[in-house]
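So, here's a batch of structures to check.
Shared between the two complexes below is chain A, which has chain B as its partner in the first and chain C in the second.
Our next item is the complex of A and B:
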């Protein structure tokens, strides 16, 4: 890998676009407006084309204004069609941005020879060419695109810092914001303007569709990682910058692994941010898929353990000793416990010393007995309570109690016992065991 | 307390009409200015086709044109039909994400096929690749939406941009491949209808046919799925399977549409005809058919005009034509169109204003009856009505007499009865006089006519029945019922009044014309 000053400038420009996009992206994600970003970034095309045709130059300022106006208009048109035509909002958005994009495309193709707006560049930019178009500032040769994106990044930082409170309020609770005297409609359109301006600035480097990758994907990853807005903004900016840097590195290196030449940086930036998102989605500490599945599994194991203890207790009560197969069969039949969950639960019970395997039967050890005692006591107390106060028929008691026994703690059990006048037998006629205190049997 | 606001009708704000209009003017004016300023750089005038050329295209004399036009038309038809269902299912933008997700599939298919010695541009192979990544993209959208806290919009945005980025990266690799001739691949992004071959058109035709057949067979099921998914699943329909079928059809349309309109704009063929068709009917079958027709027309007209005029991107033209149909439907649509809705709205306003006028006059008359008897808590209403009739008769006898009688309401008093603007009141009175519901005895002095009185009585009765109902059955304070009754009086139908009468018969003695439960 050869790193030159060109690469540095590409990365700098990429990072600056990523920062300005990610800042706004947080609010787009929180307001469920992600696709509006997509729509605006497509729709700025006719703005660019018209500005070019009118002025005949690729002067940044006019293109900027033209595109920003059309970008905001996308939001206005969408609202109008949604409101006037009673068309569902996302469909209205689809109608507006495809039409505007098509118009822009026609304008560009008609003027193709005169405009150096290449339809391909529109979609995926030309970040590789950024360092070639420089402007001298204070004696340094700085790429023009780096200046523009830098400026937009500063504007966006100021926007988010100054309007932090307003953006936060209107994103989470527009009604509250209105009662506090904040115009949420105005904030909406300010945000849309900022998005349009950012989209135009980033257009040149990464193209219209990858603007979305920079806006939405880091913000979405950050949303999975934290519940605090300022942390989320910070995380999204860091992830966005990281994807820009790694994206360029990957564009140079990854294809070579399979024997190809290097590839498009903008595309790889999107891919890297996608990979980061995918990892976050799986591994995020609280909102990640793995952690959710794990929590679920841990809960199922706990419930299966309690059920097994209860079953073993009942077998011991009946004096059946060779109960291994019966326990497994009943667990499958009564609670649908699969073999994996069953094996895990049994293994963990044996590891904790709650049950022992003697010949063909499980036996409760002293701590196991105590735990099983709690489960059975909860179960039978609940049966008494449900039967007495909620008038459950005897044959329906078991299934409700089966669920309630897993969420009943000591103090709840005590109250249940008091309420039902400490019965000694449940409605089925089974003995309700006494509470085993820490010092042994009462 | 604007009476129009009181009637509880949502207003169409002029902001929403004006803003687009101004913008349209702006676009048109700049569009006109454009050729002048650009003229110096390069000539961009459109070479208009001759009539002969137009005929050639319209009559499909050219083999090439025939293939292209028929292919695009069928595509528009199929997309329009399936588009209606996904529009109703609020999944419109799903198609957008899926179409973007097809790009890496095309690129990967190209690489794999050229690695294994194929030409790399074998169309069915490329489309199969597109289909696979499109389906993966859709699966990921559902996965992100269902397993994380992110909402659908973010899921769409993520899949759309990341897959497209991946596709762009793969195209970047292909461009630098020694074996690659990737020039054709980029046409999938913007579409290249003109290069459509007979085989491609045939493929589109088969697929369109498949979609039409599936939609016909599953019409009832899809309808159910769109309108009431919970009900469908409670009735034992395989909802998930139907949903998957529908989305697979969307992916198929998207994939075959890539060639014609390109992956950016194919979504327009799914959304716009369906959205336009909804303005014309409330009946789903009509909407589906209309949507298919609009789609087919857009495809036909778009492909035709791009065959006639050089250097026009076909996909974009098709979309612009579809959008024109959409705007036309938005304004002129016979079911939900703007004009129809504005007309209905105005008619309702007129009716409400008109009834308010009659009721105001009637209640004023009740309060100012010359007989000296207080009419607010009368015992017998029939007596009052007879009295009113006789009063009316007497007055109509000496109608030439312009002397103001105490039974005639003056302009100023009338204006003070409700919070209506003078101009509006004047117009309401003018209309009511024309319809002979009220008569003007002298300038600024009015009286209900016989017909007007009967109508006014009906309205006042509706109003009071509802008020009594609210007081006796909903426990609302008498001082608060006026506002509610004010809104309902205009829409109480015959059946509803009958029911109210039945309900109130036991509690209210004077049902024929109840007195007002609160001071007027």
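Our next item is the complex of A and C:
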């Protein structure tokens, strides 16, 4: 890999764009306005085009003003069409941004001969060309795009820091904000203006299509990783920057592995963001898929363990000793417990010394007996309660109690006993075991 | 004083009735209020005032305009006509006197904030633009959480709280606002019996220190136990007055159905048409 100062400037510009975009993206994601970011980034195009046509230059200030106006208009039009035309909000957005984008494309194609502007660049960006267009600042040659994205990054940092409290409240509870005198509509349009300005700045790097990747994807990943807003913002900025760096590195290294030329950096940045999001979605500690599946499995094992203890208890109650096959069959039949779950539950019960395997039968140990006792007592107290207070017919009691027994702790069991006047037999006539107290105290 | 509005018994002019001089002592005075969505009237010619230091219930069937009435008072939606005075002045000048507890479903509980953050939000209006939340505000928020019995949950992300706990967080936020009048949109919806009792106790505490509490309520069984004063609403005011006087089968019949008066029919016809001349 050949790293030059060109690469450094590409990465710097990419990171600055990513930071600007990710900062605002958090609020777009939390306000469920992700697609509005996309809409605005497309719709600013006619603003840019008109600015070019009117002034004939690529002067940043004119561009920003033109694009910002059209960006805010997108938000205004969407709201008006939604409200006046009674069109669903996402449909209104679809109408507005496609129309404006198409208008922008037509204007650009019309102006293409006169102005140095390429529709392809608008769509995909031209971050590779960024270092070629420089401006002299204090004797240093700095790419123009790095200056604009840097400026926008500073503006956005200030915007989020200064209006942190207001952005937080208007995103979470706009009605309360308004009653407190913090105008939600005003904040909404301030945010939309910032999004429009950022979209224009990021335009040159990643193009209008991929602005959304920088704006929404890091914020969406960060949302899965944390439960505090300031942490989420910080994480999104880090992830966005990491995507920009890794994206460029990947663009100039990965295709070489197969002997191809360098690929498009903007595309790679979006791909890396997507990969980071995908990994986060799988592996995030609390909201991740893996953690949820694991949590579910642990819960299933606990329930299967309690069910097995209950079954063994009932077999011992009936004096049936060779119960191994019956327990397995009943677990499958009654609770739908598959072989893996069953094997795990049995193994963990045996490991904990709750049950022993003697010949063809499970036997409860003393601690196993105590645990099973709680399960059976909960089950039969629930049956008594449901029968007495909710007038469940006797034949319906078992399946409800079967579920309820797994969420019944000591204190709830005590309250159940009190409410049902501590019965000694359940509605089926089976004995309700006494509570086994800790340490054998009476 | 009980007041019943119908065709035969026209509404007495509330100004003449109460006298202009004591307007500043009336927590809420609503005159000739009409609210329309897309030009269809939702609230029609509403007139009422409420007494200070009472727990006031707003009851009425679905679509009666209960939430709309609250939102109109809080200036969250535009009025087609009429005026609303909070202690004699428009809402905009009286924000600090008013606390609002929105419906629990109105916010996204997956939002990355903890219970303490949410309670602290009650002070954002007082803190003012550009200024950060300081330790002092956090301490006040924490005290507020303690008062609703939620101090142990201060650092929990709000989706990890039960429905009842979420409602208590909202009440703690109202508490920290330190307002004179509180508006609550169905605080009892989807909470367990223990929380309901806790909320009622809290409302009674508010009353005991002279605050006025206005609550949108659904459960008719508990109306007599919870509220001193009632606003019975169905697009129009059916009755307002002390619960003991106006919570009668006749008024319930008028509020929740039964025969429509000619005016009701006409208003509903207008609502269907959405006539732009309204």
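In this text, the second predicted complex is superposed on the first by the 439 of 442 C-alpha atoms of A that agree within 3 Å, B and C clash if a C-alpha of one lies under 4 Å from a C-alpha of the other, contacts with A are read in each partner's own complex, and residues count from 1 in each chain.
The rule is short, and it goes like this: a contact is a pair of C-beta atoms (placed from the backbone, for glycine too) under 8 Å apart; a residue touches a chain by one contact, two chains touch by 3 or more.
In this text the structure is predicted, and so the values were computed from the model without any measurement.
Considered on the superposed chain A, chain B and chain C are sterically incompatible, since they clash.
Once chain A of one complex is fitted onto chain A of the other, the partner contacts of A:37 are limited to chain B, with no touch recorded for chain C. In the superposition on chain A, contact of A:223 is made with both chain B and chain C. Look at A:151: by the touch rule set out above, it reaches neither chain B nor chain C. Contact with both chain B and chain C is seen for A:86 once the two complexes are overlaid on the shared chain. Put simply, more of the residues of chain A are touched by B, taking chain B and chain C as the two choices. Contact with chain C, but none with chain B, is seen for A:165 once the two complexes are overlaid on the shared chain. Within the superposed three-chain model, A:324 lies out of touch with both chain B and chain C [touch as defined at top]. Of the two partner chains placed by superposition, only chain C is touched by A:176; chain B is not. After superposition on chain A, the chain C segment that clashes with chain B is 76-84; the remaining candidates among 22-30, 76-84 or 166-174 show no clashing C-alpha atoms. Common to the chain B and chain C contact sets on chain A are residues 32, 86, 223. Considering their complex, residues 12-13, 16-17, 19-20, 23, 27, 30-31, 33-34, 37-38, 40-42, 44, 46, 87, 90, 92-93, 96, 100, 144, 147-151, 153-154, 156-158, 160-173, 176-177, 186, 189-190, 264-265, 267-268, 271-272, 274-275, 278-279, 311-313, 315-317, 319-320, 323, 326, 330, 336, 338 of chain B touch chain A. On the side of chain A, the complex with chain B involves touching residues 29, 32-35, 37-38, 42, 46, 50, 53-56, 73, 76-77, 79-81, 83-88, 90-95, 98-99, 101-103, 105-107, 109-114, 119-120, 123-124, 207, 209-210, 212-213, 215-217, 220, 223-224, 251, 255, 260-264, 266-271, 273-274, 277, 281, 287-289, 292.
Residues 38, 71, 74-76, 95, 98, 100, 102, 106-108, 111-114, 117-118, 121, 124-125, 127, 129-133, 157, 173 of chain C touch chain A in their complex. Across the complex, chain C is touched by residues 30, 32, 86, 162-166, 168-169, 171-173, 175-182, 223, 226-229, 231-232 of chain A.
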